[in-house]
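Everything below concerns the one structure shown next.
For clarity, chains are labelled A, B, C and D in written order, and residue numbers in each chain start from 1.
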Amino acid sequence: MNHNIPYRGIFTIPSTPFKENGEIDIPSFRRVVDFCIECGAHGLVFPVNASEFTALSDAERFQLSEVLVEQNAGRLPAIIGVAGVSQEVAVKFAEHAHDIGADGVIAMPPYIHHISGKLIFDYYQKLSDAAKIPIFIQNYGPPVGTDMSAEFLINLCREIEHVEYIKEETIPTTIKLTAVLKENDGSCKGVFGGAGGRYLIEEYRRGSSGNMPGCHVTDVVVAFWNALEVSDEKRAMYIYKEMAPLFFFEHQLSGCYKEVLYRRGVIDCPLKRNGTMPLDDISSRYLDEILKALEPLMTWRKVA
Amino acid sequence: MNHNIPYRGIFTIPSTPFKENGEIDIPSFRRVVDFCIECGAHGLVFPVNASEFTALSDAERFQLSEVLVEQNAGRLPAIIGVAGVSQEVAVKFAEHAHDIGADGVIAMPPYIHHISGKLIFDYYQKLSDAAKIPIFIQNYGPPVGTDMSAEFLINLCREIEHVEYIKEETIPTTIKLTAVLKENDGSCKGVFGGAGGRYLIEEYRRGSSGNMPGCHVTDVVVAFWNALEVSDEKRAMYIYKEMAPLFFFEHQLSGCYKEVLYRRGVIDCPLKRNGTMPLDDISSRYLDEILKALEPLMTWRKVA
Amino acid sequence: MNHNIPYRGIFTIPSTPFKENGEIDIPSFRRVVDFCIECGAHGLVFPVNASEFTALSDAERFQLSEVLVEQNAGRLPAIIGVAGVSQEVAVKFAEHAHDIGADGVIAMPPYIHHISGKLIFDYYQKLSDAAKIPIFIQNYGPPVGTDMSAEFLINLCREIEHVEYIKEETIPTTIKLTAVLKENDGSCKGVFGGAGGRYLIEEYRRGSSGNMPGCHVTDVVVAFWNALEVSDEKRAMYIYKEMAPLFFFEHQLSGCYKEVLYRRGVIDCPLKRNGTMPLDDISSRYLDEILKALEPLMTWRKVA
Amino acid sequence: MNHNIPYRGIFTIPSTPFKENGEIDIPSFRRVVDFCIECGAHGLVFPVNASEFTALSDAERFQLSEVLVEQNAGRLPAIIGVAGVSQEVAVKFAEHAHDIGADGVIAMPPYIHHISGKLIFDYYQKLSDAAKIPIFIQNYGPPVGTDMSAEFLINLCREIEHVEYIKEETIPTTIKLTAVLKENDGSCKGVFGGAGGRYLIEEYRRGSSGNMPGCHVTDVVVAFWNALEVSDEKRAMYIYKEMAPLFFFEHQLSGCYKEVLYRRGVIDCPLKRNGTMPLDDISSRYLDEILKALEPLMTWRKVA
């Protein structure tokens, strides 16, 4: 595909829908992909944390990645998550991403037993050899992630052929983002934020290239980003404040992404693996109100 | 003193101001206490996490607690933090709180080496015997806190004479709050939230008795609470959204409480022990803008 | 196969050998299986923590489990590790274990994102439905494991058809083992210890059914166990003390299992995934001395 | 006092005895000090982890340190633990240690809220200014300790006047010890091990200056050390193996130090703060057997 390079904007993260019995729901997943694109996202990133990649089998990761690329059909850059429990396993995902025609890959270091220094370097080197397409390093904190310094990250970009982007999510991400950009000698083509966009205003001021949020209100996040791109910070701040109740709701009930997708009519079942969130009547009603209040900012509507 | 019982409202947490050399700054602390009261707080809670109690010597805790009670001069209920590294140490704080005329005490279980079950029960029993005034149990997550179940918390209220209130801060605090209230047989006189008020709308709907936030924008949090008390949820939601940028800013740079107090002219030096936050030019300017935008909601002004 | 039931003795854990390039080394693995059997083990458990199961791909887990069962050829009870990152993934491993003719399965709850209470119950229920052969619950501490109470464990044994055994590794395992056996109403057919046998003397006195150690000195651990089985505690204590230097060495350089297997001539390469241990000259020489001193207790010799 | 410099040998850690009611027991503490000296220790280190320093009030730390120095009466080098929850608090302990005539101080960085880099440097600089006597850096892992690199540790020794020794307890301590000694340019006068002596043989080979164990079998550890000092490694290994059952017992029931001191007749009550270990009949009998077996190596006997 011929996508704008360097990558920029809202690279949204499709959720993984499951059926009532816990199996992956491919038709719903195809709708999620379409939803993301119709919401105006600038890229797709899958499977990563917000898609519950750590609850999937390897076979499911392969299959869903294939479906994503197929359903996307080149409409957006498709960045495949290839983090592995070891270098050897990550390489298999990276080779597969290459083979199915992904536009890039993203990976954090091994996420059960952690490694450091030279071993992390080798990990990304092997991913580069296997993927042969642009690599995003995901800098994410423990216990699942591995916190890497700005200097170390830029060194990976400089020394390893396809390592070109960074997703920066360690705290304080704003200060960290500036540290990475200061260290950058041109080897890094862009730094993206995460956290659903909670820190987007400051990230943008600091020179971020975009953000990778969960996908449930991609349309709203895109509006937020687009306001910043046309220097309308007042509107950006307005959208930011409108999103705040949802952000805080998510602090309490992490993974309500899918509940929102379900209520918006994108997926058939809000089930998460390893336990759905404990949504009681009060929180359920409150979530309805939050979504109702956000509606004016939502551009995507379910077609009956 | 004769305070309304049961306790209700915004029980704010005075910060501990330090001088440039790291020593406690008593005159600034007196101003913080006055600031809290002038902001309309309904109670004072000190020293707890938001007052850096884990960076103070025992002697400083004793001294500052005395100054707080003295400076308060009975204007508000004064709840003294008496958590200890062991039961034996906590009891010393509880006896002291009693002796200086505190209106209540608050404690989480030992916060370096943790205990469980029967040992926690004994801890609160001993605190009750020593304090002889109302006790708030602080339910706070690891690594500093100890997560206790709703059933366990209410049992402490039922079985131990002075254990009467709960500060609930474990995730999801909203669901947890309802669980505690459901379990309550009348032994618990009220459950307070924390987290600066981030979850206050839902907490209120669920029947919380108040919130214990850091004190830097006590006036705004009080306005937020008062709107809820007069059933003006629209205004409450408005204030909530206005506060959101500050809440998110604090996620990144925890402990900017004192930077805000410093900028508002309450304290002479924003220094924290164990390291001030890494506020660079961009975040410093952004914080200025956030405070500027919040100004219309601030009722407290520095008298020149 | 017709194995003695209930299971009892040293159920050893074959390591997963890798080639220099990190790929699994099947011929070496077959030799490991033979080594374990020739050392006198009473059962085989694979793949679990001591076999680096969290660094393997799903496909490698399937393949190695098949090779294990095939190479074992019914000589010993073969217990297959089926822990999964989610219930749905674990079920796939359990079905496979059943299909290849395993004699039992072992699993801890999901080991990246953890679950509790009812969700754990469902997890083991689904495993039971899928495996239809005896299940060992692995009770192992965080961050990889999930600490379950004696009462909860026995309830799983009582309520779920195939849940029959427990591997108890939470601290203090000795006290925990007794708690489990006290709670046992006959639903649990045996409790095994772990930790390489470090606590075997006390475990045995308390009524354990066996131990599941890493396999590198299976012959010595078997001698240790057999001494206890013939009530020769003096000899058991002698062997225990002789093993102690190796136990302590392993505290420092975890995963030296494979270095020992390599030095004993069982496998071709001591490589671990996610980094080999930093064995320098001094520790290398010291390990040689330790193994030399243990030689009189080793019954297995490499055939030239 | 005029003690051998540089410090070398077994610097044992007196326990803090409590009465049944949890109060500190000064007469028992004086006996512990005498016991340590009569066991042949080469130095005293107090209060640190093995003396439950994190369960003591500041006042108790001051008082017990004074009693230690007084009871020691210059017989051995007395190293006072001055770690603080913040630099400002640690400085108070360091000034006090200086004032009471301590021979050295030992500290890890703040142990509740942790600091890094430049802030750690400042912490030790301030301790040096306050103590004006030799400082041991305690390198100890999370959650209580802070893991520092060999390079960083030696830099502290080089740049800060009184920082002269290191206690190395991070895993793998053996490899770490060699790394520190390799980095050493003469600024560090000695590196001590910990962990009760579990790794002493390798530590000694690598050039350690001594070890800081809990005090309950100081006589045995001293015999162990002395064997190494006269190059009788065979005897050292013999003692090591004899101690092994006690080492493993302690893994399970941490803090059985005081139970041993109690059984040896040194202290009146084995109580720990924050909970005594759950010693049941089986473990109690087993501990008796372990101590009985170690008796031939114990030189200290209670005088009737």
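One rule holds in what follows: a contact is a pair of C-beta atoms (placed from the backbone, for glycine too) under 8 Å apart; a residue touches a chain by one contact, two chains touch by 3 or more.
Keep in mind that this is a model prediction, so the values were computed, not measured.
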Interchain centroid distance [CA atoms averaged], chain B/chain C, Å: 48
Inter-centroid spacing, chain D versus chain B (mean Cα positions, whole Å): 37
Contact graph of the chains (line, ring, star, complete, other): ring
Those chain pairs that satisfy the touch definition: A-B, A-C, B-D, C-D
Touch list for chain A against partner chain C, complex: 18, 22-23, 54-59, 84-89, 92, 110-115, 119, 143-144, 273-275
Parts of chain A lying in touch with chain B, wherever the complex brings them together: 171-175, 178, 198-199, 201-202, 205-206, 237, 240-242, 244-245, 247-249, 251-253, 277-278, 280, 282-283, 286
